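Just below sit the structures, each encoded as structure tokens.
The two complexes that follow have chain A in common; it is paired with chain B in the first and with chain C in the second.
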Partner chain A sequence: MAAIQPSPSSNDLQPPYTRTTPLSWVLQNLFNNWYNTVFTLFFGVILSYAAYRGLRFFFVTARWEIVETNLTNLMVGQFPRNELERVWAALFLLGGSGGFIAGQAKQLSTQDPTSPPPSPGREQILDFVRRAWPFTILVLFLLRLSRSTTIMLLILALVALTGAGRLIGARIPGASPKRITIFALATACATLLLLLFNGPPSQEWGGLLLTVFLSTVSILASFPLGILLALGRRSSLPAIRFVCVGYIEVIRGVPLITLLLLSTILKLFLPPNSFDPNDITRAAVVLALFTAAYVAEIMRGGFQAIPQGQIEAAQALGLVPIQTIRLIGLPQAIRKVVPALVGQFISLLKDTSLVSIIGLSDILKVSRSFTSQDDFVGKGLTAETLAAACLVYWALCFTMSKESKRLEERLGVGER
Partner chain B sequence: MRKRQRVKRIGALFLLFSLVFTACSDDDDQSNGAQPQNGNQDQADSTLKEVKRKGKLTCGTEGSVPGFSTVNSDGDHEGFDVDFCKAIAAAVLGDPEKVEYRELTASNRFTLLQASEVDVLIRNTTWTAKRDGAESGNFAATTFYDSQGIMVHTGEFKTVEDLDNSSICLISGTTTEANIAAYFAAKNLKFDPRSYENSDSAQEAFQSGSCDAWSADRSRLVGVQKNWLPEPGALTILDDVLSKEPLGPVTRDGDTQWSDIVNWVVFATINAEELGITQENVDDMIAGSKDSEVQRFLGVEVDGTIFNPKLGLPTDFNAQVIRAVGNYSEIYKRNIGHSGLERGLNNLWTAEPRGLLYSPPYI
Partner chain C sequence: MGDKENETTLPGPFPPQGKKPLQKDNQHMSQPTSGNTPTNTPMIVCEGIYKWFDDFCALRNVHLTVARQEVIVILGPSGSGKSTLIRTMNRLEKHDKGRILIDGTELTDDIRKIQEVRREVGMVFQQFNLFPHLTVLDNITLAPRHVRRMPKKDAEAQAIELLTRVQIPQQAHKYPGQLSGGQQQRVAIARALAMEPKVMLFDEPTSALDPEMIKEVLDVITDLAESGMTMIVVSHEMGFARAAANRVVFMDAGEIVEVNTPDRFFSQPQEERAKTFLSQIL
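This part shows the complex of A and B:
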């Protein structure tokens, strides 16, 4: 350490400071010789034309009435309209407790002596903007289409509630990972209860609600399952190893569509009148089982990257195998595979659009059905409906990827 | 030596596995052949029971065929096919809203019907021999006689002969493609098929001028022709009829009681039109009609007896159906008529001009 401490004279050795103005940057990087100039002009023209057409479509030529009329469809599909309060209630619950959890997590990280000191307020706001802009664009787009004061007020209330939750979470002392976990679990249960208890059957779910539900459930279920499979594959007991390898290779060797289709004819393989889950449950289970196989391989990579010395040190300290995995193996493995893991989950989110082939109305399927409505049939509005679906997917996936990047920075991935 | 043993062991394991797998697949083969009968013997006469137990009818529809099955902005299913789902629910359960809709694709509809995932399939399904036989479907009375036609922009093409060497928009993987190829081959004409994944994309391609003509079900073509915004009359449908497309509800093979029920629900709408019973006057008819045929049809008590054909349905099921969705002509007007499509073949046989709709007597 001492060797790289700056010596008093190192100031003199710093590289010369050059001021980069935007113009000088452009000249240096885009027009520094004749062929770069040609490339810049060529691609500049193509890109600006594409951008022009795209923006013009979005702001001028697109006839958004079709999405406007079907906004509720896009969000919740066939969810009974007289039960929409349930969805709002669930949103408020999620917003409030999500804020609370964020606040508690913030408190935890400030208690942690190794974390950087809290940044000033302006920095925090900037930081929030950097995090939330894709999602904000989506919300603004939807608000512009809905043109309803009630919904605007509800969204504002939701944002306010989330903020309040965060403030409260940061103020209530005694934050601990355990408490956060319990609270998150309770929220999840309460949300499901709100949506399901005595309400419309889940077969009537659709649109964004279904997409988010399917991907959340399968992400949450596939993660622990994948870790178990990865551990099983590395187990020294042949029976366990054999089962895990078999599972992973069979599932990875079959396309997701095939598994989804198989799940629909499940009834033919089960004894009559036995356990028969509804199709949304089946789709969620298939998605989770499918992703678990991939998560297992990703996690195995993480486990294998841990130096043997770490495990030996844990054993030398007298930790039993479970403790070794929980305290030494898992934290380091997860830290190493965050990018790959989040990539898998993003791909899972997009894969949920495949459930339309087994008759479920996810957001893509719902948006594709708008053009056959009496008012819109044959008017060439496919582009609008697909653009709306694209925007929703993009906002969700990009937010996920931004959050993963933050997580990587927090965990210091790639710094060692 | 040890290595060799290991190889042997692995070999044995593989053998075991392949045995298990073949055993499984043998099983499957047998069950594939035998299951429809077996399964249905178990389930014989039980679709009705199952529907009553669930308290709702699971109806397989398409979800995005204008006029036949669409989802409106309130998330409700509506359309010609959907009305027949509602009619069956009204007849069996007394409530047209007790239907769960499953949106099926052209390729998975029969699989899901076989797997008892849907109780009845009302999804623009053309009655063909293969579907009746190999795919183990059982077709009820035809609800809509469609046919395949060709639409062009008015002017350039007047007959199908003018379309020689032209490009035609189609939906891939449907009978449409085979029909038009056969038709053109018979006339010794050539064409360039442009296949699209669904009818929306095919339609947009045609409208944007990517192809000279568009071939699809005439019901669809007429709907587009009449609603064509820039100027009505800019599109022409050629007179050629490329195929017969009788569309109707499908049930599983082997459940005769359930097929009878679906049949007689369709006949109820046709009979009601013949008898002049509408959604509006059905209750007046029950209260006041002295016509014995009407009384029998609506399940009115005459001389202390109510006519009961023992179909497994309540005696007033016809009245329930008409109250829920109206007679055939009302269903037609509500869903398809406004597109300007003439009844044509879908007129009553007893009406003028004669169509193909003919119900056996309800005696």
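This part shows the complex of A and C:
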């Protein structure tokens, strides 16, 4: 027999690990053969030039005074200036309780023994930066334009309040999904009250406020509605199935603009004085109804991807159909379609710009109106106003997409 | 990757020497009939069951009576209707003709009756069918909490107890996707047992497992059989059938062809089709 092999030292049991330095990464991935080198150089030149022009515009040539003068318009449209406290109060409320909810959620997830151990503080800060940088850029840009100390202080206070809410939320014991839900609902109601109760008429709403309000409301409304439609489409009762399929196919067959226009003449078909929703309500309802049809199709895909065995297992355990849907079907379906769902919601957010067709002043409409003001007419500052709108949309949408990625990773724990 | 430390601590010999003596230490795993039901009535009665898929007849004139605490192993070639038969017993398939009574409750279109039966009948599937989005603990506590309205604390205590029974208490907080096949199937058994069923149905519980994991699952099922649980097991595991079954049922083409004791069935089958089948799988 051969001599006994020396047992491998603990070093041999480590996976072979070579440190990738940035330089070695670049060499291995961008310049590893001649055609890759050509591509790298070619696109490198194009991208550098574009970046150069973009940055030069942003920092040097752009005449931001048009946005500067209209900053408040961009944010809230014609919202009465003496009622701006409402908006600030709503922001503070959302920041504070948003932080609190995040803290409680964090607490919940650390109570869960399946969660990974808490990462060190440095990790958490890095993580926060990775999440918040698009929004930070937007806020810094706006602050730089406003040059108002009051607003700067208000923003700082808002950030501080959010952080404080987060800390308090992480420390107050007894977090539960139920408490978080109640808290979130209460916050939503309070926010609506703050903005709407005895508030300015709907025509005066505008800008970012209107865009965010419309998207939030219609996202929140379209999601449950879409789920119901998806379930209805799979129902065993033909009547329900026909109604749902009909709804989905009609809505998906008509452009959103058409539906928005239709909504304005809808009152011609209703009994006089029966009910006359204002434009914002109408737009929110149309956006929600429209998106619900798409959400329904996405959710249907999710439901169909669930193996039959899952449903049978639930039935064999004695769960009734509604419990099977709530506890087994929905959670699994949603996990499968998070990316598509968030994609739909991002698309909805951008589609809110279409409400200008029924006379509402969303952020895009507002920003386009600046160039016709007396001070700026004929000065060719369209690029600046559009760039500002772009930045706002991008910060919102990119954050949504990043958060969706995060959600996907967290929901996918332990799945194969 | 069978966990060695578990296998060494398994109670009882395998295969067990005595067939189904009621072992005292296993009693609380089974609930041998709630006190007031008469123990001499059969647990399962199938009378003249027919089942068609479109115009394909999957079950024809099946008669089977299963006594309390009896263990039945169903054998038969692929497509012979074994799965279909046990799936009619908790209404995962609707039978088209005949009568099925589970502990005296007849399975009809009445939803409440169906739910009643499903609460009393546990089922274990070939593909485990654990809920991938829930931890092992939540998989087990789900039905007790939502169907039996058991408080969370009690349900979790019971789940840990069951996981100890099936030899994997340390996996409670993992997700099914993080377990080996054998461990997953044992969780599935624990999940069914958590409803404290009177009957357990197993549909080829070891067919999707690698050979080294089959034993750990069969040990658990054998243990359960010895504790007095009424069970119907679709399985081709000869050793298990010999060790645990009171009767072997041989099916072919939707019919029950032969019912016999395991010893007699494997050594001297009566029917020609059974002989052919045995010669093919032995």
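Methods note: the second predicted complex is superposed on the first by the 394 of 416 C-alpha atoms of A that agree within 3 Å, B and C clash if a C-alpha of one lies under 4 Å from a C-alpha of the other, contacts with A are read in each partner's own complex, and residues count from 1 in each chain.
As a working rule, a contact is a pair of C-beta atoms (placed from the backbone, for glycine too) under 8 Å apart; a residue touches a chain by one contact, two chains touch by 3 or more.
Not measured: the values here are computed from a predicted model.
Participant: Clash or fit: what happens to chain B and chain C when chain A is overlaid?
Facilitator: Here chain B and chain C can both sit on chain A without a clash.
Participant: Is chain A touched at more residues by chain B or by chain C?
Facilitator: On the superposition, B touches more of the residues of chain A.
Participant: Now for A:Thr382: first (chain B), second (chain C), both, or neither, which partner does it touch?
Facilitator: first
Participant: I'd like to know which partner A:Arg81 touches here: chain B for first, chain C for second, both or neither.
Facilitator: It touches chain B, and chain C stays clear.
Participant: Counting only touches as set out at the top, which of chain B and chain C does A:Ser361 meet: first, second, both, neither?
Facilitator: Only chain B is touched by A:Ser361; chain C is not.
Participant: Taking the superposition on A as described, I'd like to know which of chain B and chain C A:Asn73 touches: first, second, both or neither.
Facilitator: first
Participant: To the nearest 10 degrees, what angle do the lines from the C-alpha centre of chain A to those of chain B and chain C enclose?
Facilitator: 140
Participant: Touching A:Asn198, do we find chain B (first), chain C (second), both, or neither?
Facilitator: A:Asn198: touches no partner chain.
Participant: For A:Ser236, decide between first (touching chain B), second (touching chain C), both and neither.
Facilitator: Touch partners of A:Ser236: none, neither chain B nor chain C.
Participant: Given the touch rule stated above, what does A:Thr264 touch, chain B (first), chain C (second), both, or neither?
Facilitator: first
Participant: Of the partners chain B and chain C, which touch A:Thr21 in the superposed model: first, second, both, neither?
Facilitator: Neither partner.
Participant: Report for A:Arg335: first if it touches chain B alone, second if chain C alone, otherwise both or neither.
Facilitator: second
Participant: To be precise, I mean the smallest distance between any C-alpha of chain B and any C-alpha of chain C in the superposed model; what is it in Å?
Facilitator: Nearest C-alpha pair, chain B versus chain C: 14 Å apart.
Participant: Just which bits of chain A does chain B share with chain C as contact spots?
Facilitator: Residues common to the chain A contacts of chain C and of chain B do not exist here, since the sets are disjoint.
Participant: Quick check on the complex: what are the chain A residues that touch chain B?
Facilitator: Within the complex, chain A touches chain B at residues 69-70, 72-73, 76-81, 201, 203-204, 206, 261, 264-268, 272, 279, 356-359, 361, 365-366, 368-369, 371-374, 377-380, 382.
Participant: Using the touch definition up top, name the residues of chain B that touch chain A in the complex.
Facilitator: 31, 35, 39, 42-43, 60, 63-67, 70-77, 100-105, 108, 111-112, 114-117, 198, 200-201, 203-204, 207-208, 223-224, 227-229, 338
Participant: Residue numbers of chain C touching chain A in their complex, please.
Facilitator: My answer: residues 90-92, 115, 118-119, 121-123, 125, 127, 129-133, 135, 142-143, 146-147, 173-178, 191-192, 195.
Participant: What part of chain A is in contact with chain C in the complex they form?
Facilitator: 113-114, 307, 309-310, 312-320, 323, 327-328, 331-332, 335, 411, 413-416
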